[in-house]
Amino acid sequence: MILVILIAVLFAGGFLVWGVGRRSPLGARWISLLLLSFNLAVTAVFWVQNHDRTSFFGGAWLADISWDWIPSLGIRFHLALDGFSLPLVALTFLLGIMAVVCSWNEIRERVGFFHFNLLFVLAGVTGVFVALDLFLFYFFWEVMLVPMYFLIGIWGHERRNYAAMKFFIFTQAASLFLLIAILALYFINGRYSGLYTFEYFSLLQTPVAGPTAMLLMLGFFISFAVKLPMVPFHTWLPDAHTEAPTAGSVILAGLLLKTGGYGIIRFVIPLFPEAAKEFAPVAFALAVVGIIYGAVIAFSQTDLKRLVAYTSISHLGFVLMGAFAWNEMALQGSLMQMLCHGISTGALFMLAGSLQERIHTRDTSRMGGLWSVMPRMGGVAMLFVMASLGLPGLGNFIGEFLVLMGVFQTSPVTSILGTAGLIFATIYSLAIIQRAFHGENSGRWHPGDLTVREMSILGVMIVVIIWLGLYPQPVFGTVLPALQQLIASTAG
Amino acid sequence: MLDTLWIVPALPLAGFVFLALAGGRIPRTVIAFIATATVGISALLAIAIGVTFLGLLPQEASYRQVLWQWVSVAGFEPAIGFHLDALSLVMMFVVTFVAFWIHLYSTEFMIEDEAYGRFFAYMNLFVASMLILVLADNLLLLYLGWEGVGACSYLLIGFWYHDSANGRAAQKAFIVTRVGDTAMAIALFLLFVNFGTLDIQAILQQASESIQSGSLIAVAVTALLLGGAVGKSAQLPLQTWLPDAMAGPTPVSALIHAATMVTAGVYLIARTHTLYSLAPQVMAAVAGVGALTLFIAGTAALVQRDIKRVLAYSTISQIGYMFLALGVGAWGAAMFHFMTHAFFKALLFLAAGAVINALHHEHDIFKMGGVRHKLPLVFWTFLIGSASLAGFPLVTAGFYSKDLILWQAWSSGQGQAWLWAIGVATAFLTAIYIFRVVFIVFFGKERTHVEKLPRRPMTVPLVVLAFFSIVSGFVEIPPALGGRHLFSSFMSSALPSAAVEESHTTELIFSLIASLLALAGIYLAHLFFRTRREHAEPDAGKRLTRFLFGGWGFDWLYDRIFVRPFVWIARVNRNDYIDSIYGGIAALSRGLNTVFSSTETGRVRLYAAGIACGSIILVAIALLL
Amino acid sequence: MTDQIPAEYALVLAAILFALGLAGVLVRRNILFILISLEIMLNAAGLALIAAGARWGEPDGQIMFLLVLATAGAEVSVGLALVLQLYKQFRTLDIDAASRMKG
Amino acid sequence: MVTLFFIAAAVAIIATFMVITHLEAVHALLHLVVSLLAVALIFYLLGAPFIAALEVIIYAGAIMVLFVFVVMVLNLGPLTREQETRWLRPGMWVAPAILSGVLALELVYVLLGGQKPLSVSSGVDVKEVSHSLFGPYLIAVEVASILLMAGLVGAYHIGRGWKGKAR
């Protein structure tokens, strides 16, 4: 029931803030903030209550709801939460709060509609993380897109129309592959078992093999890979991230990309284990290419947000790598990497956004020496930059290290090349600090430092990322049963 | 007593957290007090723990303290836990002790800096990371400390960030060491895959039981760990970052880039000595790297103009001695030299800092001169440090530690004549280059006016460290000179001692050769740089001088091989060529649109002709198939 | 009816007439003649339908022809109305003159 | 009967050829009527007398009359005739003629492609036609009627603004 509440709150809240926003923009902001805080609190309480519960009717499911929706087509309203989804759902609300906070001053027009879109995207993301009916999953998958398109297209920066269109075309084209693959799986399963259903567990049993399985796997994979994004399908991302308003960038980088990684781990590999195994070398190669390619390009960017966007490509390469290694260590690492990347990149985007708010440029060649005028922001940026280059003691390190170590057991070469990517990560990460905060303050900027509101949310982020870096075990403990179940499902 | 071990790194860490959160709002005296006090208490605690440990020693050679389970995934279970044995005790003692005096020194040295709080926050974080590094009971925690000190080194080199050259030096240091760290990370993967754990003691235990000498795994792991070590310790081929790292404040150079962090590589190899003993090829490589590095750095130090760069090359060279010792299996000797080096090199840096501070931040030794009259204390302490570095016979710590290394380079099982020859030759060079600095800076006539005289917080550390630069050598005296083995017998609980077979007379002869060479070096320096001072300035026009000045051209080479191609590739592909594929698809659609819409002429008969052609072709196809 | 006409013959005739009509459409620029040629083509198609229907003895061919006839009627009425408009607009029956009405 | 067929076919082809080559619209229409009548005869020979009648009444009658009316309304003079002469130069018609010729040859080749002659069954009853017309094809009939209605309305609408002005 908790799942329905979480999603319903967001959907209903979306309409509510739209209405309220016409009268009082401030009201819309507060309501969004309260709703998201409510959701986060509910999730946190649920997590604390269930952190040691390993089974729910046999499986690793902590919450489950399944209603008939369109019985004649075998479509059910089936939501379920396991330890794998739970951290991601919590991350969704956390970053949602962050998005509301960082749009507080930035968004001044059509505030109600903005928050409507924001809440709907979050609802879609939450739905994606918990839907277990493939039709429902696809529904939520599409729910994410349109509000995101509006967020970029209406409140974005200079080239927002181009970026929004590009985002939409890429993701929409990709989700067509997903739709086709889902339908094909539906019919194959129906023909085989006589039961036409979109139910995840039933489809897991579908006996597909050979070229068909490979094609269907690719259908799923491409759609998730575009979202992830994987080189060479990544080019929507820099544009979208750069042009989106800060809140949009935070949600894009922090959450939407994670749906790709989630999809690969939840669907691609469990549904088509053999095909995925066959495909793994290609995925490894693409992941390595992505890690290095993204890092090299990131280094040469002068637009701060674009730079951070390319780092996402590099970081998500680790997730892809870990997913296809498909052992417990690599998967734990992938999930940790997703969480920490969400937080660290979200924070970096927020910093880039608040910097732009203050000095009206994202061009790093015009920045420099900002540390002396805004030491608090400098310190925070330094911390998250260090997180992004994988400094031990911060969460990202745990994620990357586990992924690389897990991958090393399957494919040492991939792991070694991925490790080499850490050098490039160092190069671009330090470039951020060097260009923006170090050096001479040639632009004679005198922006104000971070406000209390910004500091408080960033403080939460800092605490979380250090916590994940020094004591990640609670998360691993929550995820473990779910992962064991996933791995077991592909074993037979 | 031992169970307070965790407090030793925790105190500086707490200091860091406090200063990072509140550093901007509290007065300088409070900052200075907190920073120094946390490290000082740690040092006292370390000494107390050391005494307790010494009392237990013969029975219990190690103590372990686990704080909490860090990660537990699929059998990978590193903890946040500390391991104390003779090796880590020495490291812990040196780190906290030297760090305390350097902190004290800094309270005065940095007093005019606007970012006083930030400086001490970083310094405390560094001390905490370094302590975690040396105390870690597993390699992952060691890696945390390892990267932590790297990050602090980056932060502190780039501390004066307004000058972007400093920022570049900081980046260079971090990136170059990260190259080595990457190798080390791969070594950790290999170790875990082979041993199922990263616990150091467990690995060493298993390795000695199950791995054959010279086997592939031992060679691979040790070679990769060596990669990490050469990066951190600025050895060939990753030594280029250290001279540039002098861009940081002088206390930083003293603490991080002389006494503690750069010796982390030595510590790592000593820590995993069991593995290295199983890979003789890599041992030989370690010795070779050390020998080459010490020679190259020694020659480069001869022509530097910047006083700190002389000391930086000297540091590289001295760590080269430690690597040489490690490579010939003289583990104890390496650690002994580490300890004495920490004292006298920190002393040299701090004294140099005092000079620099007194001379309006002048670094060029040829613009200094005659300082000894104005700063007698600094002069004497610097002289003691230099003597120790040069290995002035019998009375300095450096003599004993270097002599031990040279002797074992010859006499131990893996020892070789050429290693010894290079070591001795460079000992001679060492004496020349350091006394070159002494004579140029402290003698002759005054060139820059001395303005600020160091006050007590700066002078006390100099005196203390000078004291230790002399007496710390007396814990280990070769049998030929009386024989005392306090250090090596203490170390033998953690590290195997190298077997020595030669007679005492041979050893005495070798000591004599080294001593004479050191004295000859000092005399030569006196000859060239005191009496013929006018001609002493290096001629930048000479090719050899330029070559040595640039540190044998490694920077030039790396710039051509790595930096420029990377920057070029990044620049060229700035707009992401993959994007132009999609841009191409879009342009193609637009082009096709233009082409097709141009067929829309409005001429009905053309349309009809088109339809006719189409039907003809269709029927033809139907006919032919 | 002993000597019946082979269906091919009728179909060949239909083909020839159709080709002639097509030629007319393509050759003539006068819109009136184009309409006339279209009628020829429709009629040829109708002939083919009848022949086929007759071959199988089914009424469907004839029904199709009826439908073709209806279509032809509608087409001619609209077409001729358009001819009148065209002439009014352009003072000519040249079909190419109307090409500026392209999309 | 085959003879009759051949004669009618020859008439139809020649008359059609005249239609597409003639310069004067009225003359062309007269040739077209001849062609249509010939085809009507062939319908009769193929055993579809009802269709033959319709061909004569609707095609040759009603539709042609429409054409003639329009030609009369347009009142094309010698100017048009000159224009037609100018338009019908060899360069204009050779390519389309070849195109059509190729199509015709292809079709003929398909039709005579070496199979046995397909003999025609003996006629189809009008009654049969009507039964299926108002049975299974009812909807088609309705659609056709709607089409005719649309044609009517369309023709009226398009032609409404026309105020014939003779030159």
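The letters A, B, C and D name the chains in turn, as written, and every chain counts its residues from 1.
Note that a residue touches a chain if its C-beta (ideal position, glycine included) is under 8 Å from a C-beta of that chain, and two chains touch if they have at least 3 such contacts.
This one's a predicted model, so the numbers in the text were calculated from it and none came from an experiment.
*Asks:* Taking contacts as defined above, which has more of them, B-D or B-C?
*Replies:* Ranking B-D and B-C by C-beta contacts puts B-C first.
*Asks:* Relative to the centroid of every protein C-alpha atom displayed, which chain's own C-alpha centroid is closest?
*Replies:* The most central chain here turns out to be A.
*Asks:* Can you compute the centre-to-centre distance for chain A and chain C, using the mean CA position of each chain? Integer Å is fine.
*Replies:* So the centre of chain A lies 63 Å away from the centre of chain C.
*Asks:* From the C-alpha centre of chain B to that of chain D, how far is it in Å?
*Replies:* Centres of chain B and chain D (C-alpha means) sit 99 Å apart.
*Asks:* Just the number, please: Cα centre separation of chain A and chain D in whole Å.
*Replies:* Taking the mean C-alpha position of each chain, the two centres sit 68 Å apart.
*Asks:* In whole angstrom, what separates the CA-based centres of chain B and chain C?
*Replies:* Taking the average C-alpha coordinate of chain B and of chain C, the gap between them is 94 Å.
*Asks:* Which chain A residues reach two or more other chains?
*Replies:* Expected reply: no residues.
*Asks:* Mark out which residues of chain C touch at least two other chains, giving numbers and ranges.
*Replies:* Residue numbers touching two or more other chains: 22, 26, 29.
*Asks:* Provide the list of chain D residues touching at least two other chains, using ranges where the numbers run on.
*Replies:* 96, 99-100, 103, 107
*Asks:* Could you list, by residue number, the parts of chain C that touch chain B in their complex?
*Replies:* Touching chain B from chain C are residues 22, 25-26, 29, 34, 95-96, 98-103.
*Asks:* Could you pull out which chain D residues touch chain B in their complex?
*Replies:* 96, 99-100, 102-103, 106-107, 109-110
*Asks:* Spell out the residues on chain A that touch chain B in their complex, using ranges where they run on.
*Replies:* 166, 231-232, 234-235, 238, 293, 296-297, 299-301, 327-329, 332-333, 368-369, 371-372, 375, 379, 382, 386, 391-393, 397-398, 401-402, 404-406, 408-409, 412, 415-416, 419-420, 422-423, 426-427, 430-431, 433-434, 437-441, 470-473, 476
*Asks:* What residues of chain D sit close enough to touch chain C in their complex?
*Replies:* By the definition above, chain D touches chain C via 1-2, 5, 9, 12-13, 16-17, 19-20, 25, 28-29, 32, 35-36, 39, 42-43, 45-48, 50-51, 54-55, 58-59, 62-63, 66-67, 70-71, 73-74, 76, 80, 83-84, 87-88, 92-93, 95-97, 99-101, 103-104, 107-108, 111-112, 117-125, 128-129, 131-133, 137, 140, 144-145, 147-148, 150-152, 154-159, 161-164.
*Asks:* Can you list the residues on chain C that touch chain D in the complex?
*Replies:* 1, 3-13, 15-24, 26-30, 32-33, 35-37, 39-40, 43, 46-47, 50-51, 53-63, 65-67, 69-78, 80-85, 87-88, 92-94
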